[in-house]
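There are two complexes below, and they share subunit A, which is joined by subunit B in the first and by subunit C in the second.
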Partner chain A sequence: MSATAVHSLWTTAGEVTSAAPGDRFTAPTIEYAQLAPVLIVVGVAVLGVLVEAFVPRRHRYTTQVFLTVVALAASFAAVIGLAADGYATKSAHIAAMGAIAVDGPALFLQGTILLVSMVSVFTFAERRLDPASHGNRVDSFAAQAGSVPGSDGEKAAVKAGFTTTEVFPLVLFSVAGMLVFPAANDLLTLFVALEVFSLPLYLLCAVARRKRLMSQESAVKYFLLGSFSSAFLLFGIALLYGYAGTVSYAGIAAVVDGGVQDIDPALADTMGNDALLLIGGALVLMGLLFKVGAVPFHMWTPDVYQGAPTPVTGFMAAATKVAAFGALLRLLYVVLPGLTWDLRPVMWGVAIVTMVGGAVVAITQTDIKRLLAYSSIAHAGFILAGVIAASPEGISSVLFYLGVYSFVTVGAFAVVTLVRDAGGEATHLSKWAGLGRRSPLTAAVFAVFLLSFAGIPLTSGFSGKFAVFKAAADGGAAGLVVVGVISSAIAAFFYIRVIVLMFFSEPKADGPTVAVPSPLTMTTIAVGVAVTLVLGLAPQYFLDLASQAGVFVR
Partner chain B sequence: MENLIALLVAAPLLGAAVLLCGGRRLDRSGHWIGTLLAAASFVIGAVLFTDMLGKGADDRALHQKLFSWIPVEGFQADVAFQLDQLSMTFVLLITGVGTLIHIYSIGYMEHDERRRRFFGFLNLFLAAMLLLVLADNYLLLYAGWEGVGLASYLLIGFWQHKPSAATAAKKAFLVNRVGDIGLSIAIMLMFTTFGTFAFGPVLGATGDASEGKLTAIGLMLLLAACGKSAQVPLQSWLGDAMEGPTPVSALIHAATMVTAGVYLIVRSGVIFNAAPDAQLVVAIVGAVTLLFGAIVGCAKDDIKKALAGSTMSQIGYMVLAAGLGPIGYVFAIMHLVTHGFFKAGLFLGAGSVMHGMNDEVDMRRYGGLRTYMPVTFVTFGLGYLAIIGFPGLSGFFSKDKIIEAAFAKGGTEGWILGSVALLGAAITAFYMTRVMLMTFFGQKRWQPDAEGREPHPHESPKSMTIPMIVLAFGSVFAGGFFSIGDRFLHWLEPVTGHDHGDAPISATTVTAATMVVLVIGVAVAWSVYGRKPVPAVAPRGSLLTRAARRDLLQDDFNHVVLVRGGEHLTRSLVYVDHTLVDGVVNGTAASMGGLSGRLRKLQNGYARTYAVSMFGGTAVLIAATLLMRAV
Partner chain C sequence: MSFPLLTATAALPAIGAVVTAAVPAGRRTAAKWTALFFSLGTLVLAGLVFARFEPGGDRYQLTESHAWIKDFGVRYDLGVDGIGVALLGLTALLMPFILLAGWHDADPSPDSRPESGGGDTGGARPYRWRPTQGFFALILMVEAMVILSFEATDVFLFYILFEAMLIPMYFLIGGFGDRAHAGTDDNAAAQRSYAAVKFLLYNLAGGLIMLAAVIGLYVVAGSFSLAEIAEARANGSLEMAGSTEKWLFLGFFFAFAVKAPLWPLHTWLPNAMGEATAPVAVLITAIVDKVGTFAMLRYCLQLFPDASKWATPVIVVLALVSIIYGALLAVGQRDIKRLIAYASISHFGFIVLGIFAMTSQGQSGATLYMVNHGISTAALMLVAGFLITRRGSRLIADYGGVQKVAPVLAGTFLIGGLATLSLPGLAPFVSEFLVLVGAFSAYPAAGIIATVGIVLAALYVLVLYQRTMTGPVKESVRAMPDLRVRELAVVVPLIALLLFLGVFPKPVADVVNPAVQHTMQDVQKKDPQPEVEAAK
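Up next is the complex of A and B:
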């Protein structure tokens, strides 16, 4: 299972034949128990596809929601079980022939992804917000994704009361990819996981019930740009392979550290060539920065966040970020720690332009979803500051921040789904004027989320930001912290502007109404508020948890 | 025994709490509760005093730690009391005079519908004042210091429906803040110098600190004393404080609270002894104030303001004595006690006169009251004789000692300070004779009050006259009792220390000189106000008289220098804020908005643009990474 064994399997055929056959061609050992979180989700996703094929249409919704929730819950239970068995700490371990790490950060992030997905799925399943069409209760998704917007086919599908229940297995596939992404321990697994979670997301973005053209446009953009970045990533993987002769994280790290002396004859020209390492590293880095939405790879974010159905936006904004930062952390801490000083200036630059760019451009946004998109860009910058800290505190603070941020994000987008007028969700900010007078509770909840985004004390956003900035300052990135604090001040402006708009402006006569959701969305929002307040008031337990979980296996 | 100390403070505190929280159902009994608890405190004080007398001079001090107030690593503050001879003197004065004035107020405030609240405030004052003199550390003393300030504010403004009273209360509060800042800075300096603020460690360790630091602490303590004791330059509030009910003027603004500054200086004597410069400033402040107050007292026609000037002047004597160092500490406190008796008596007498004259305060509208108010006349007269230093009465002993001590300071300073003290004695004789003559002698110059009621002077009720009689006894006998056999000196010496100094002239000479200036002062006053009828309308007077009527232009000075200066300062700061600070802030905001708008245009919705951005970003990423390695 060692790194050399893996790469020699498929690089030097001569070696294989020269060795005893039985020694080389043993069946791969798969630790099913340790992979259970992923396997459960994938399994139920496949089951969901079968449900689409065989279960009558009117039962599909109930069946799919049930299966999805059960799958996520079971998977979460498996994560907890693994953590309880000590896989997060002392028995951290690399499973599946070196492909997947089962360690603290992986389990912490998988747990976060699963919980966030669970509350997101509740908003997917919400069917009380849109008025019933032709006597059928409908959710946020198109009646028939394949029908052309505005066509007779679409009208017929709507009339027939179809719903796109395929979104549930799609979410599960995506979640499965996200679970693997931060745990991937070689570059190929990383790439496969990336594609597995991205492809369903491209689809999900395209299936909005209302504003379908915009939704489809966003999906196409996301797909094009995502493929573009995947190509860079893949090219980077190839270069790194050329440099190290292996795609395993540990193997590359060993070569970077100069620990491997025996040059693979097939790669004699390239192995150990630092240019390959630097360029390949930068390209892989770019692929991950695209997923976290760092400037200048962020431009898809506002368009896609705005166009995608809002439940999908919430899911994507929260879960993708968790998964992508997890992978970024592992890459930087496990594969490229020897490059810390080479990559640091670049990472500084990216973090600074991300924080400042996200905060500044958000000021002039007029659409709440775009505003939250830019806010997520700024937050990506803050998290990058923690990543750059290059210390155990850096890892644990990023883990904590991701947990904090993802719940607030899902909660905030869930509130966005509630504010509606005749055309569906009323996302233009001018329509939010005076919301606090009409629906004080909804506005107050949203204000809590905004304050948490802004990092006001007593909310989780403050604890998270404090942890990240403290780690960055201790890690020698004080300058970054200064920029971060200034960006936070700029960001506070637009968050508080929304609060002012909601509470201190006169409501408009034709303003939107706040729909009363089912217990599903209420749960999502309630969980968001609870996490925001609990982690704001008493963060210590969770900080300790993150700090215990903050050691990568190598 | 030491467990009783807390009860001294607790009794009036309980009274204040009950009276202020009790509501209307206590309206009929509130004044009795207040008086009873004040008396209870006095009884406890008396018990402790008897106990103290039974012990040797050196182990009389009692200590009681109630609880840890702020127990922080490196910062210990306890609520702990220390009762030594100095505190004991104050306890008896405060509770004794306090109880008498409570009794007096029962009659004086009889017709006031907010009497219960008045007694609540009086009790609050007693509690705070006792806390001030019983604290065993400067921080707790500060709490008491602020407490008496609060009580003073509440009581000066007690008749808040009168704008003048409300303004006077605010003025007193604000001027006192300046002094309080001095005390807080002094405490901070103590903490940084000694690491503690308990009396014992601080005063025991003065040898370890540099003289510069001690001078700074001393000057800050003096600033505090100036605020609370109405010394120049923070004297301006005392005259206006007479807007409060007369018992308040007697208790707080004559007998007790205004002497807190003297207590502070004497208590911190060790610090001043080690900082001669600060000590000299104390003496100078005292000397200036004693003349200042005396001159103001000569020109005032308002009986209470004349007495207020006199108070300022007499406290000037005490501060002067305290500034003489070990030569004067004991006499400062002795004069403080005798002054407590006769000045409280004089104020109560003034209150009694006002009570009989429809609350008239202008002495030009009094005259010939001696036959109408015989008890008031006699008690006021005894107080008068005491304050001018008539041989055998209290003031004679205590003031004479201060003048002697001032000369004994030695050198040029001694001569100057002694002469000033002597001059002050002459002026005191003049203005007090003036008050006496204008009020009780000469023709009736009574006039109907604003509502047209003719005054019908009459003797005040028993509840008012009895305290006056008791205080008159003190005015007559206290000084002699203290001085004969140096009783007071032996009593207080273990705490304050004492030094005879080297007097350039003999005590007899000083006494003779004092007698001469006394006669001159009385004679001049008689020739102006006794021989001729007093005009009902004040004559224009000389420039000095007119200035003295305006409190020697203190308010004009404050207005021009502080108020106008402050206004100019704030205006210029506002200007800077509006132009510079707001300009920068608004400019930043505007430029951020502009930047945001421009950056936003980059987001044009075309996937190709986004791809270019990503491509460019990647190129920069790679280039920068390679560049870093190359560098």
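Up next is the complex of A and C:
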């Protein structure tokens, strides 16, 4: 009854072309070439699992590193190839029966994720930092993830020189999920991608070689809270399906716009019910904001960042953020543009508490990894300011910021892996005192990253911050810009505090040493510094790239 | 394409900074000479700029323009007007003296040499802490950024430099403190890093507020080009709502007032100048802070003429408070360097008063004041630095009768002090007189109150001289050597300049005056006519 009354508003005004699903079985058409970036990564990940099963233990590390790097490089090449064929601009379209969008933002973010993962994998493969145990070179990961910490089994595994080479296929699975996440064009694909990239991350968090209990604790926390957020997301999807009768982005958007006339009889009572739309949209947003690490869904961030093995933290902090913001952008710009004005107050609120909360709480931190975690929360707030701009400029500024931020983050965490004492990485801030005198180069590099986080001009952080603030101001969110500027000032305080500590404090006698890394980690750090400086001095090319990529396909 | 002279004046010290930093750890003296060589080269280039600048010509000369970040609407636009030329000249001129005066400031002290090879694992890389190279490289870096900020005609480019120069300054203050400190080494390090952090946070906060205003300006005007915005404002194609203009003006002015520094945003300056070495203190007050007052003239007045006029009464009052408050606190100081810092706050009050009096005498005077204050403070502070290095104390009470032991030092200190109190015949007198005339013709009451500042200046300078230099010779200064050749090479040219510009300010005034006329046109102000003429 009521449903018909509602639906009389959308009488037939033209035939919707899509064939009704379920009429008869049709073989899906899959554009394999356009999905190549994802397929390559998944394929090699599966291959990596086989390697674990069949390749002798002593060859696994080399094989896995080689395979992983090749997979990421090939996948990146595929992304470039698609972009060169114009899929980012004029021939952007939807592939795989409406499941995956191949468009500018998707390709830009996939490229970013792949490059960042590549440099992260270098830190995964680093084997010169930890002192050799029983004559074997070891990396940051537990000898045998299954052994109980402190048990005889663990000792035996360490003595035998086992290493957890499974991390490489796990990273690849995670990357595959991340590649799909910002490109997902229906809610179910979104959910599957979310799980595909989250589950390996939960595992990766748990396999630290040192401080294993802390690492496992962080994994449990991450898993539990992550499951909650997945549940919220899934519930939101169900409600949105009830509202729109479809999970495809374009379909939901069409219902929101009021351009749909044929109603699924099974859903006649709920379709078009705005309460479902608002609650469902909010729940889906919640799930994404959790992954982004926005206040008040940020509680997991500091614990997980601190407990996870540092290479994993770097990878997670950078790549997850890129993927999750990509999905958030697509959701807000493609599915819910009709709700821009309804969601605006909420998003404003979230952005403001995220910026201010992250910056203020970071001041009191005493652990470098927790500090970077809160800093990442504050940065999520800055990016949200650009997301809220709701303009093409907003999209491209967010894309640019994500690129900038992820490289700085991976670089910064790579530096954290270098500063060590007898207990492994020395992450307590007091131990960093006087680092600038002992190892001027390391401290200077870290200072560059911190200055970039703080948004000091001539670093990439400034270009990014300026881009999102400008987009936000253009989009009528001047208030957010003012809050952003104030929280930047607060944030500057704690970044500066670390610099003060490194350069102006006297080194302690029992202070940590800076390990000399292999070329792998050096590459990671060098890439981070290079990106920071190049995008600070001459960002034009990448801004162009981001603005060309700034159009979603629907 | 003609030779990019303005870029070269900034690029040379920047290259110098890189080269100096790259000098091997053991070759400390070579690093110093490299830095000095590059600063002299910059001085030569600045001389060329001065020679090629035609005072009666276009407003901005020697312009360069290149696309930089198209998406942000940012261009690499350079150009100098008379005010820019004068300050560029000041910067290039003072820099060799600052380097010479700080010749030994960053030598590693023999007792605190850290153990070598202790840092890295397995001693793979020997310990390389190179303070001397760093000190000189950072100073040159600051010079490059300051010079470029005087030349920028793009608001965004200026903003970037305005912020970026904080970082090398921060390391100069925090990393190379004055060895003549009160208390233990730990205490000194804590105070030093407090001063550096305070400096950075004040200026960064100011800068970030300005960033919001810069973005706002772009949203309103759609361009960062100073010339474009000013032209659009002049011909009426860019209408700015009154409230918008006021907010943007406040955003800009706040940043400049922190930098300048204007009461009540001044509190970082005494800390920074007290803890930094004397040459770095000169760098702060004589050069870097001038960017703040320069920017008020160039950006606040030109971009927001109406809001500037709207805010004038308040700013004039703040300037007066700075003049009197700075002078009063200077009288009460026990620490020589903090005394000079408070004196500078008083002088910055005069500069701001001159700018916002909105008369051509006032603004010409303010610009001349920036130059003269730079030279006179450099002379006074650097001699004070030599004095402090000899005795190892910054407290006035630790000195007495120095003029009997080290007459040349005392004499030069006196001349620097007399310049600071604007004795006629020395350069600052001309500018202070102009500022007062300009202020008086616009706001007679302000002119009268500001005059009190001069009386107080005489008090703090002469009392300082009396307590440190005259009277019975204290035991601790009995063996004090007089100025050495290097120190004389720093002081004598500065004093000669003070005398020269005191009797013959024409070369600088000629360059500055046309630029001031342009600014006056921007704010559409005419000088108030003398009463007699008006009555006719």
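Worth a mention:
The rule is short, and it goes like this: the second predicted complex is superposed on the first by the 531 of 554 C-alpha atoms of A that agree within 3 Å, B and C clash if a C-alpha of one lies under 4 Å from a C-alpha of the other, contacts with A are read in each partner's own complex, and residues count from 1 in each chain.
In this section, contacts are C-beta pairs under 8 Å (C-beta built on N, C-alpha and C of every residue); 3 or more make two chains touch, one makes a residue touch a chain.
The structure presented is a predicted model; accordingly, all values stated were derived computationally and were not measured.
When the two structures are aligned on the shared chain, A:Thr364 is found in touch with subunit B, with no touch to subunit C.
Legend: residue contacts after superposition of the two complexes on their common chain; A:Ala254 is shown touching neither subunit B nor subunit C.
Within the superposed three-chain model, A:Val448 lies out of touch with both subunit B and subunit C [touch as defined at top].
Using the contact criterion defined above for the overlaid structures, shared-chain residue A:Leu115 touches neither subunit B nor subunit C, since it reaches no partner. In the superposition on chain A, A:Val416 makes contact with neither subunit B nor subunit C. Common to the subunit B-facing and subunit C-facing surfaces of subunit A are residues 493.
Interface residues of subunit A facing subunit C in the complex, by the touch rule stated above, are 437-440, 451, 456-458, 462-463, 466-467, 469-470, 473-474, 478, 481-482, 485-486, 488-489, 492-493, 496-497, 500, 503-507, 513-516, 538-540, 543-544, 547.
Put simply, subunit C touches subunit A in their complex at residues 67-72, 114, 118-122, 124-125, 127-130, 159-161, 163-164, 166-167, 170-171, 174-175, 186, 189, 192-193, 196-197, 200-201, 204-205, 208-209, 211-212, 215-216, 218-219. Residues 589, 592-593, 595-597, 599-600, 602-603, 605, 607, 609-611, 613-614, 616-618, 620-622, 624-626, 628-629 of subunit B are the ones that touch subunit A when the two sit in their complex.
Residue ranges on subunit A touching subunit B, taken from their complex, read 220-221, 224-225, 228-229, 232, 274-275, 278-279, 281-283, 285-286, 290, 295-297, 299-300, 302-303, 341-343, 345-346, 349-350, 357, 360-365, 490, 493.
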